[in-house]
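In what follows, chain A forms one complex with chain B and a second complex with chain C.
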Partner chain A sequence: MLFLLLSRWKNLFSIVLKRLLLILVILFIFHTVSNILEWLYLVDAADTYGDYFQILIPVLWIFFFITYIQKITEKKRTESEKKYRHLFDTSPYFVGLIDTKGVLLDCNDVSSEILSIHIKEDIIGKNITEIFSLNEKNKYLIPIFEKFMKNMFEGAGTNQEPFDFQLNRSTGGYLWLYIEGTLIEIEKRKLIQFIIQDITERKKAEKELLKSEKMYREAYNRAEFYKDIFAHDINNILQSILSGTQIGQLPLDDPEKFYDLKLNAEIIKEQVIRGAKLVDNVRKLSKLEEAGESLEKVDILTVLKNTVSFVEKSYKNKSLTIRVDSIEEKLFTTANEFLKDVFENLLINAIRHNKNPMIEITIRISREQDLGINYHKMELFDNGIGVDDSMKNKIFQRGYNKDKGVYGMGLGLALVRGIIETYNGKIWVEDRVMGDRSKGSNFVLLIPEVD
Partner chain B sequence: MIQENEFLTLLIGIGLFIFIIFNYEKLKTLPAMKIILVGLSFLLIGWFLTILEEFFLEDLLNLLEHLCYIFSSIIMAVWFWIAIKQKEGAH
Partner chain C sequence: MSGYKVAGIASNGIEAISIFKSFSNKPKVILMDQRMPEMSGLEASKIILQIDTRVKIIFLSADNSVKQEALSIGAFEFIDKIFTIKELISAINRAIESYTF
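Moving on, here comes the complex of A and B:
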């Protein structure tokens, strides 16, 4: 206890040592002089001096040595404290101490950088609840840290794993941090020593890596997909053309066979058109997937009306009615040249998948809001064969190849969805009459509205 | 006749040396500790001789006793001078 009290007084040991040394020197002088005098029989009373001083000498030496030992122990303790204090203060991580009540007892200067505070003294002595409450967005961390402390103190530090958390900064943005805690005991007092590391850069790198991985996987899937198209679909087209040309080798002077020749020519023509369309769709799909297709402000109605005219001309041989219902004259969105492909694909699908003598297609345009975004809603009602519930999602997938008709080779709706998604829009199919697919389909498009 | 103070001084002196032995690792960092030990040794011998002179060779042992005190004082003075010099050198 005395040692502890003394150790708090600066230079005390030095002062005590110096004084002791002085006393010892004086004692030695007296002792020496009194012995010399006694020896020379000059002073009888010298013995009396000797009596007093003699006992004091070894006592004082013991006291001197004890004080010296205490001084060097204190010096070593101070040096050790200085050494570890330096490590604590200059650590690149946020290091600190919390007590059982969640009060921050000490931390280093990195705290001001991480918590966006002026100096560490702003938070020392405060509870973690108060510290996280400095920023409203960080209050969600309070229960997490309360649990962390509970696990540390109750489990003797063994049942609390290090973890990551996001800290919102008052200056804006956020940091990803990694915390690790250790339970320590100082003077019979349990404390948590924590180390917090800024892992924002690491998280960014991980995210980029995941993104790269996703892009690589998509590129690989695309390559596989295109490989399948050329291996399968092109092969089908070529086989059909080959069959046609083989039949076409029959003699031309046979009238019956002449009719077959004409039919074969039509088949060959159809297959070539299929192939051309396939190549065109693949080209468009790959263009969509590359970055850099710029969007501009486009009037949807103008594009739609042009596409409707084109389709009506293309299908002059069919009884076809296409009606466009729109309250407004102009409907703007940000799109590109592929918007006409969207309408063309949908209209042609509606015509091809229709067994009725009279094909009726109605395009109704309205407005809709979803999650705070305004959309133009386009509903394409047809009286065709409809789409089975199990197929409503599959038809928009690449590689879905039920359609063996002239156009698309099953790529058409995948292309349509891809295009709409580049406009940040949505597309899906419903039954024209809810629950009865035989009455036809309703293809719904949501395209973001612009002023 | 053995004097009480002399006997006590010897006992405390022996205690001092026991203390030094047990704490030598820490005390050896004192400047010129070996010189202190030599000085204290002469002192202890002097205290021992002052007891012995009561039993035999009174005059001789008394002379030796006082010589030990003188040597001890000189050595302590030398140590003190060396300690100051070392401290000045350190500054």
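Moving on, here comes the complex of A and C:
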């Protein structure tokens, strides 16, 4: 405290001393000039000194007064500067000043944390182009900030719309930052005062929230979808079974009327199988949607041939020919137990949607490359009823399109697409004869090759 | 079995319209499903009723969310699945009785 007091008085004393020295110099000049004038017989010497003192004393007082006022004003200015400097330096945000040439004139210490630099003096005096070039990955920000500055300095208003940007760190990772700029004028010089805030945590929280919303929406859609299946599809199956049993009972009431009870029993049996298949497909779709059914190396041809054999046995009552054309003995991919469901669904669809007395299905296997990836290409040609162009995408969609009132061809193809996509493969349908759907369909599968 | 003759069967809305148009002596009653490939029962019914306003369309559907809409476009009745044959025959009888030649 004493030290501060002495220090203050020391400053004041030094200023006063300087002023006194100035006065003495002025006195000396005055004295010299008066001597010269006296020598030139222009003034009287004795009277001159008395007059001098009468003038000097008030002048001295004025000097002291001006000095005191100056000191007070300077003190206030210094205190005010200190206060705002303190705010600037201790702000939790990165605050700085840029001139019209993009040179960083000043900034606070937060800059070193955000830009991963040693001290702020490393960047003060540098152009923003240089600053962003410190990290190769941040060079993309240069044109963005140049535009930002241009809009600020040349724009109609004093403020530019704030924006978010990603800053890559030299230590790895990145920060999300939010910048606001204000155009100011200091000593007739236009400058941009900017404030940059670290919003990385906020962005992470937003991303988690979006992910959470997406999961909720997907779960809700799934629940609606399964609810719809049970409300609609199961009811249809049960209706067929009920009608079948009621029709079957009629000959028992009136034996003179002949009904083919065996045919009726077949219809009921088919509906029960259909119901069981629906439940099975729903179970598999549900399993596909859960995280990761593990994939392993599988020989496609073996699975295909086993499925063809199973389908042929299941449809012994139909005139059915299924041919597999492949020049290779083994075709490997990474898949799982659901691969047989893919082939089974496609083969059964081809059989069901066929009004010909003789059902012909040919599976041609070749190779194809798409975007640098090697695939096994499987084309399933049938001589069935074909698929209208308007339905070629819809048949792979799940269930019912409420807006269009159109019902897809059941869950089977939605399941097939879902399975193929888990293998990173693709599936679509074409006409067997291009432009003439009445000649049948060609279901095309691309399944990634594996050595 | 109830004395009625099935004039035609369609597997989707477009086929239903085509078959209906092909008859010179139009059927009196149509049993219409709602959810079908290519064209829904509602869309097909709107067009069929424009061709012949007398026809009685009985909706048989497991999707009863369209019940009000079906009735508002002029369907005669909407029967929720699951129904018995007796209920179906009764509905057909009502439709025939109300048919105006």
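Quick note on the criterion: the second predicted complex is superposed on the first by the 299 of 451 C-alpha atoms of A that agree within 3 Å, B and C clash if a C-alpha of one lies under 4 Å from a C-alpha of the other, contacts with A are read in each partner's own complex, and residues count from 1 in each chain.
In this section, contacts are C-beta pairs under 8 Å (C-beta built on N, C-alpha and C of every residue); 3 or more make two chains touch, one makes a residue touch a chain.
Source: prediction; values computed, not measured.
In the superposed model, A:Ile72 makes contact with chain B only, not with chain C. Of the two partner chains placed by superposition, only chain B is touched by A:Ile36; chain C is not. Applying the stated contact rule after C-alpha superposition, one finds that A:Val59 touches chain B and leaves chain C untouched.
When the two structures are aligned on the shared chain, A:Val279 is found in touch with neither chain B nor chain C.
By the touch criterion defined above, A:Ile199 reaches neither chain B nor chain C. When both complexes are overlaid on chain A, the residue A:Val450 reaches neither chain B nor chain C. Of the two partner chains placed by superposition, only chain B is touched by A:Phe28; chain C is not. Of the two partner chains placed by superposition, A:Leu295 touches none, neither chain B nor chain C. Residue overlap on chain A between its contacts with chain B in one complex and with chain C in the other: absent. Touching chain A in their complex are the following residues of chain C: 1, 34-43, 62-63, 66, 81-85. Looking at the complex, you find that chain A touches chain B at residues 21, 24-25, 28-29, 31-32, 35-36, 38-39, 50-51, 54-55, 57-59, 61-62, 65, 68-69, 72-73.
Every residue of chain A that touches chain C in the complex is listed here, in rising order: 231-233, 235-236, 238-239, 242-243, 246-247, 250, 257, 388, 390-391, 400, 404-409.
Only residues 3, 5-6, 8-9, 12-13, 15-16, 19-20, 23, 26-27, 29-30, 40, 43, 47, 62-63, 66, 69-70, 72-73, 76-77, 80 of chain B touch chain A when the two sit together in their complex.
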